[in-house]
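A, B, C and D label the chains in the order they appear, each numbered from 1.
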Amino acid sequence: MADCDNQEESGMKHYCGIFGAVAVEPWPTQLDLPHILTLGLLGLQHRGQESAGIITTTGEEGQFKQKKGMGLVEQIFRNEDMIKLNGNMGIAHNRYSTMGGSELLNIQPFVVNTIHGKIAIAHNGEIVNAAELRHQLLKSGVGLSTDSDSELLIQLLTHPPSCGEPDGANWINRIKAMMKVAMLSYSLLIMYKDVVYAVRDPFGNRPLCIGKILPPSSFISVDNCNEKDVDAYVVSSESCSFHAIGAKYYRDILPGEIIEISKKGIKSCGIVSRPNGKLPAFCIFEYVYFARADTVFESQMVYTARQRCGEQLAIEAPVEADIVSTVPESATPSAVEYARKLGLPYTEIFSKNRYIGRTFIQPTTRLRQLGVAKKFGPLTDNFAGKRIVLVDDSIVRGNTMQALIKLLKKYGAKEVHVRVASPPIKYPCYMGINIPTKEELIANRISLQDLPDHLCADSVKYLTIEGLVKAIQEGITTTGQPIGHCTACLSGDYPVKLDW
Amino acid sequence: MADCDNQEESGMKHYCGIFGAVAVEPWPTQLDLPHILTLGLLGLQHRGQESAGIITTTGEEGQFKQKKGMGLVEQIFRNEDMIKLNGNMGIAHNRYSTMGGSELLNIQPFVVNTIHGKIAIAHNGEIVNAAELRHQLLKSGVGLSTDSDSELLIQLLTHPPSCGEPDGANWINRIKAMMKVAMLSYSLLIMYKDVVYAVRDPFGNRPLCIGKILPPSSFISVDNCNEKDVDAYVVSSESCSFHAIGAKYYRDILPGEIIEISKKGIKSCGIVSRPNGKLPAFCIFEYVYFARADTVFESQMVYTARQRCGEQLAIEAPVEADIVSTVPESATPSAVEYARKLGLPYTEIFSKNRYIGRTFIQPTTRLRQLGVAKKFGPLTDNFAGKRIVLVDDSIVRGNTMQALIKLLKKYGAKEVHVRVASPPIKYPCYMGINIPTKEELIANRISLQDLPDHLCADSVKYLTIEGLVKAIQEGITTTGQPIGHCTACLSGDYPVKLDW
Amino acid sequence: MADCDNQEESGMKHYCGIFGAVAVEPWPTQLDLPHILTLGLLGLQHRGQESAGIITTTGEEGQFKQKKGMGLVEQIFRNEDMIKLNGNMGIAHNRYSTMGGSELLNIQPFVVNTIHGKIAIAHNGEIVNAAELRHQLLKSGVGLSTDSDSELLIQLLTHPPSCGEPDGANWINRIKAMMKVAMLSYSLLIMYKDVVYAVRDPFGNRPLCIGKILPPSSFISVDNCNEKDVDAYVVSSESCSFHAIGAKYYRDILPGEIIEISKKGIKSCGIVSRPNGKLPAFCIFEYVYFARADTVFESQMVYTARQRCGEQLAIEAPVEADIVSTVPESATPSAVEYARKLGLPYTEIFSKNRYIGRTFIQPTTRLRQLGVAKKFGPLTDNFAGKRIVLVDDSIVRGNTMQALIKLLKKYGAKEVHVRVASPPIKYPCYMGINIPTKEELIANRISLQDLPDHLCADSVKYLTIEGLVKAIQEGITTTGQPIGHCTACLSGDYPVKLDW
Amino acid sequence: MADCDNQEESGMKHYCGIFGAVAVEPWPTQLDLPHILTLGLLGLQHRGQESAGIITTTGEEGQFKQKKGMGLVEQIFRNEDMIKLNGNMGIAHNRYSTMGGSELLNIQPFVVNTIHGKIAIAHNGEIVNAAELRHQLLKSGVGLSTDSDSELLIQLLTHPPSCGEPDGANWINRIKAMMKVAMLSYSLLIMYKDVVYAVRDPFGNRPLCIGKILPPSSFISVDNCNEKDVDAYVVSSESCSFHAIGAKYYRDILPGEIIEISKKGIKSCGIVSRPNGKLPAFCIFEYVYFARADTVFESQMVYTARQRCGEQLAIEAPVEADIVSTVPESATPSAVEYARKLGLPYTEIFSKNRYIGRTFIQPTTRLRQLGVAKKFGPLTDNFAGKRIVLVDDSIVRGNTMQALIKLLKKYGAKEVHVRVASPPIKYPCYMGINIPTKEELIANRISLQDLPDHLCADSVKYLTIEGLVKAIQEGITTTGQPIGHCTACLSGDYPVKLDW
């Protein structure tokens, strides 16, 4: 999708990214931890741009320091915050809020007082059975002050688990008890005293991975290094945030796994299993569109997975043309590979205006038709008189694609063949992704047959679901773990049945 | 106290003011309710200047609309908010935050989801046994996300009361159950569906009164009017907020009383009693300093009560002098009356700079000594060569008073005799007033005997506790109700025993 | 006038206040000069609240440092500015802008490059023959980028004077040449290299006075002190700004006088004379309303002059009544003295809400009628059933007065007799004061005979022009100087003839 | 250059972009002119991001409406401004300010009062002999309130030209007179009453071109269309801003040409010639780096010119390697073409973080070394173990390039060969481009021989000056006009001699 940030055109939106860091002993650490957390958030900025927060602690007296704000990471955090947030460990959160307006109240991470002291919590995802769980809590007399899943998770954690010690600070037991009633979707960071717990839901729907910060001069391999060689452990929604802090990707947290991170190192505290016979359900759109291209999931680089999608698309839907091009820029790897596979020249045809955000003034009708041109300037000489294959990663509402094709034709394109490196989006997501209503999705409005006419294209072809799954899964080299991806928005096949 | 807003000098501070309004049927009301609420808050601005919030509802579907913000009422609420907040009833809150920093999260009123739907709540006061009540709640597994008493009250309300229907939406029973465990100090507004409950704690420590908005042309007496003649009922911390909305003071809510206000009118739902033998404990400093002079408490105007304090002060502590003057402006009624009683001329001796707030830049030492002069310009010709009686309502730290006297002497005052229309402040308040630490209170630092020297005054006299209580109580004409005032900050005599 | 800041009701408005300070050698000075300038501005805040600026210099290399901003003085200047603005001399300006909107461009003082280096300039007033002078400049090819008189003055100063050295940096000659073509109205501060020139127009229409900062421990009389005893010289629109910086009033700058202030001290550089037979024309409304009560003009305290107006009013317009009161608070000295002269008791009848600024949301009709009550709370018990004399300093549009009287009557006043301590305002001002249009002035709309009915008052009487002039002038004790005041807005008698 | 916006690393900076639009009669126009101007600015945002302004007029009464602000175009202009700015013609300006701080005062376009009425002016460039011209003006008695060239141009325009009618509103004569004393560098828009003059300096150093807005359904060729077919004429620094408003590029304004645009159409008012024998001096860096790739200069698309630079670079500096890549993203066309010419595969190796601006917090030393990684995430799998040709468009300080190469090597690159599609930058620019000081330019610090070692590269080669000029000029197809480009920053060969 043309990542056109224009309100009218906005497609699928992510809710957030989470990041945590714990310095290895001796404490107080020599590392600049607040900075590491800020750079971590900066590397996850594409997952949420409306607000961000960081909470740190020295890990000694249960005191938390925090800074939160509306806007982009670099607007929120200042040098003085780096001093104020000084500590040995911390968690952080980027948020995309759906409801507009000032929602300072909702900026994560949250801090909560419990009978055992304060905990801080950051989460990415959406609880599919939230309504039912909320009802149970309210019935027990708890007043809930927000509609957020985070508050729900917190109360599920603080209420005595039905199993285990009824009143103890055994957070692992509490987390497990919570995971059994809330199956998906979440990746979580929970900070308590001198420990951070990193948790992925049993289906592994949202990503979460571990990295190690090694000494700058170190030649140690990240896999074999002794914990004494590690300066800090970091956890992140995506490994792309590791580069800027000198951390190396270690491994994904497994579906259902609880990892405890302390100054002593990391420890896996077990895995909460899925219902019998269920495979993991890692969101396939993380590969297609959400993640940054330099992120590694399941041991493969996202860029490479996207290249394979382009290759598979060339196999499934070749076309005769003069040039192959891309809607910049998440579709570029697919486009380059599509071109290579078919032996066609790859050329840029749009110059993108980087200075356009989301709140631009509404133009009059005449100018509105040209809307897309304010973001994508046509490189006329590169395509005039030519047959173009225009590769995109996905199509949501289709408005931008239609406008782009009209623009190309106006400036002299001979033919425009649309090739989409993923299947049609048809179903809503209840697991943390904001998809337009079913009625707005072009795949539900226009038949495949009528689509070329509707988009003013000469042909339109999508990748098949099978083709997508094959392209994604064949690059996964991790062994011994079951592999599975959620394709619900494409297939209607949800990981769990919902009764609504 | 010289209401000098300078940080260094700030004296006793109030935490807040609350205001509510319910239009009488037929609904939708023709009244501009959001405006009424805003003007109500504006009239209570002296009780809290750091943030404010309004929540309204049409009363039909349990939906709440809100606007909150940092700053003064007129900075927060705009014309567009008046449209957005349109409704038939609402509650509002002014807040003075002690902790600085952006505390948007803590701005009242709060909205909470309960099993029976949403409630909104606004409160003024401080729960004396909060620590114990919090511990009980945390133990039961509730996670508390703030340190505020408001959240505590909410959870006490939403948890099934030990008596009464265990699961019903019988809010009156729930409120009563809550009042039995939390004796003081609070005045509360609770909005649920189409009703507002107005509650005063059993000791009546914080004020709360009812007013009626009658048709503009009405000649009906407020006491005898039929409910059909009333356009709306309003509740407010102080009756001074009624003038700007055309409401008339009807009566105080009694200590321990719960009032239900709906489109049908007002209904008293009973009184929760105090422990045996206990008198009410209405904060006597509301009369001395906090309240606005045009407010009516217990059927008497605050201005008049202050005049009687000045008269009593003249009886207890007369002095020979040329002029009587005031530290503007809450001490003015006492000063004028002190002068009248002794037959001395009353004259202004300070011109007050109205444009000084709380965050002025810190001057260097040399200029700091002149600090008070940036707020109080000396009217030299009015006092040079004269013997002055300087009347103030109270003295907290004494720094401002000392500086004022030095200023007067520098500009030629012959003698300065300080007369304070209330007794020395010696003890902390646990009921919603922010008093400097015991060590900072001048009455604990300097003996009465050394005080004139310390303040550079020629004599210093305070009103006695007995004199103050007499001056306040002799103007109360309501009958049939026990009368009692909290003088804890003066006498150390707290309404309830605290075990710390 | 009831200084009601409500837009609808705003009366006469001042344009600005100016302040300057020069430390006496040795340089660099030990004084905190930026602070002195800020406190100086703070003391002139009543003359302009929309923006302010400070420019300082070390006086050594012609470099200027500045800080300007929209809003109140204490919102604009921060501790870091105090460091940044460090210097040996500086000038400052408070501005009231008439045109709303962000006028950052127009905030004084201005800095201008000239062939001799940079000059900075701050001015208060309005040039009566500006249109003619602008035309001459534009005709000579100068492009003017603003409509401001300040830019006009600057270009008049930088253009070679028709007399004197044609190209030299003889600023005194340039200033004199400028004064000959621009007769009034202005008080000016001009900073150039290591000197500040302080200038008052030949008619002395706007005030400007000199003060001396003496060592804190000094017992030296300000009149006889040696220049070695002075730490700094200050100039200000009003002497009330001297108190907070420990400066003592020395003397007014005379009409037409140019004062040069440097580290060596002050020097009078001569007086530009008025046309033959013309008296000075110091704005009489500075006494009546604009100035702060603790300011000294022409050797008398403004408060005292206002008292004499009240006394004169009692002589001219006595009335039988129960109490005398005031519209707080510039009318208070007149009211107190009116009461004393007639032997009537003086009582407060309004409690003023201090938290109301200028931009409050517009209420609906029903609430609008109550508008005045949001600013003035009635102290009912003080006046119900009584005959009131309500003293005000002036009446402009009359709307506030009408509303106040209605409020008093609604709350039980038996009679209300309005007494105004100045004559009716009937004519526009072209000398720096913003008066509503002629048609809006109540004195031009309603005959004196109909006025009581219109205002709902039982009687209305004004002070006569003769009475006002007498009350003001009889307190002036300076000798050897001609005395004269501008009463143009009352009498239509302008200091110079204008051809429009 | 890696357009790394980090302060430390910032390279060459442009000062601004200008845009104008005039609707063709009949007036009032049906076009949404304020929107056209805003979109025009948005398309020039890459030329200046610190402030912007728009001034419009109905063209009938000489009244101007304006909106200016700090920040990006879409932050400054709102829907309400579109209504407020309604008019028939207007000019607009984007600004990059060098001096930081709030410079609201300096936001263009400027409005100036002249004896003939108001003019508005917007300009791009820097006057090389500004110091001399300023001195002449100051000497004549004009006070200049800014250091800007714009104010200088304005005063040169408003002062009577030495030739021509001494006092008339003959702006063309005035502009010509100004151009004769100020030879370069500027492109100018001047709005007066119902006309906009568009001017390019005699050397054509800064770009300026004309576009036509034709009816949406029009099939008319832009070159042959009758003026009746045109809805509006637009002028812009770059034609890339035409796409979003539906305008078509018509032609460049010629060096020295004055174009008059009115509701009647466009008219060339003649050309001010260069000194004998001088060629035009259009800034060659507009092609290399400043312009957006979809802009057309001298009839060729910038993208295509950059491709030819890449091709020429392949001819001049081939190398054996596995992959060719780019520093995203202005270098991409050169890199793609370099790869094609040598038959090597083109691959992306960096994923760019789009959310980084200019003011990010300063990291500690350890993290600072990783600085570049927060903006450029390595696509490790694409380059590990490979020999890379890294193509950039230019190198300024070299810090970013060094950091990128270190990053590539750290993540496994076998060899890195740097190829720069322009020659070394060695000299300052006095014509509107902000270049670091001579000492900071890497080409002046490190010899070509030592450069690979310094950058940690395996080889480093630049394009020659001849190669660059050839690559740029061979695509120019316009005939009959002399062709010439300024290469002063590369060759030291300035268009005019400067005596400093």
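The definition used in the following text is that a contact is a pair of C-beta atoms (placed from the backbone, for glycine too) under 8 Å apart; a residue touches a chain by one contact, two chains touch by 3 or more.
What you are looking at is a predicted structure, and each value in this text was computed from that prediction instead of being measured.
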Chain whose Cα centroid lies at the greatest distance from that of chain A: C
Rounded Å distance, chain B centre to chain D centre (Cα mean): 62
Centre-of-Cα separation between chain D and chain C, whole angstrom: 50
Cα-centroid distance, chain B relative to chain C, in whole angstrom: 37
Residues of chain B whose C-beta touches two or more other chains: none
Pairwise chain contacts, counting only pairs that touch as defined: A-B, A-D, B-C, C-D
Partner chain D, residues of chain A touching it in the complex: 31-32, 35-36, 38-39, 42-43, 45-46, 49, 72-74, 77-79, 81-82, 216, 240, 243-246, 292-294, 301, 303-304, 332-333, 336, 340, 345-348, 351, 353-357, 359-364, 366-367, 369-371, 373-374, 377-382, 407
Chain C-facing residues of chain D, complex: 102, 104-105, 110-115, 119, 134-135, 138-139, 141-145, 147, 151, 154-155, 157-160, 167
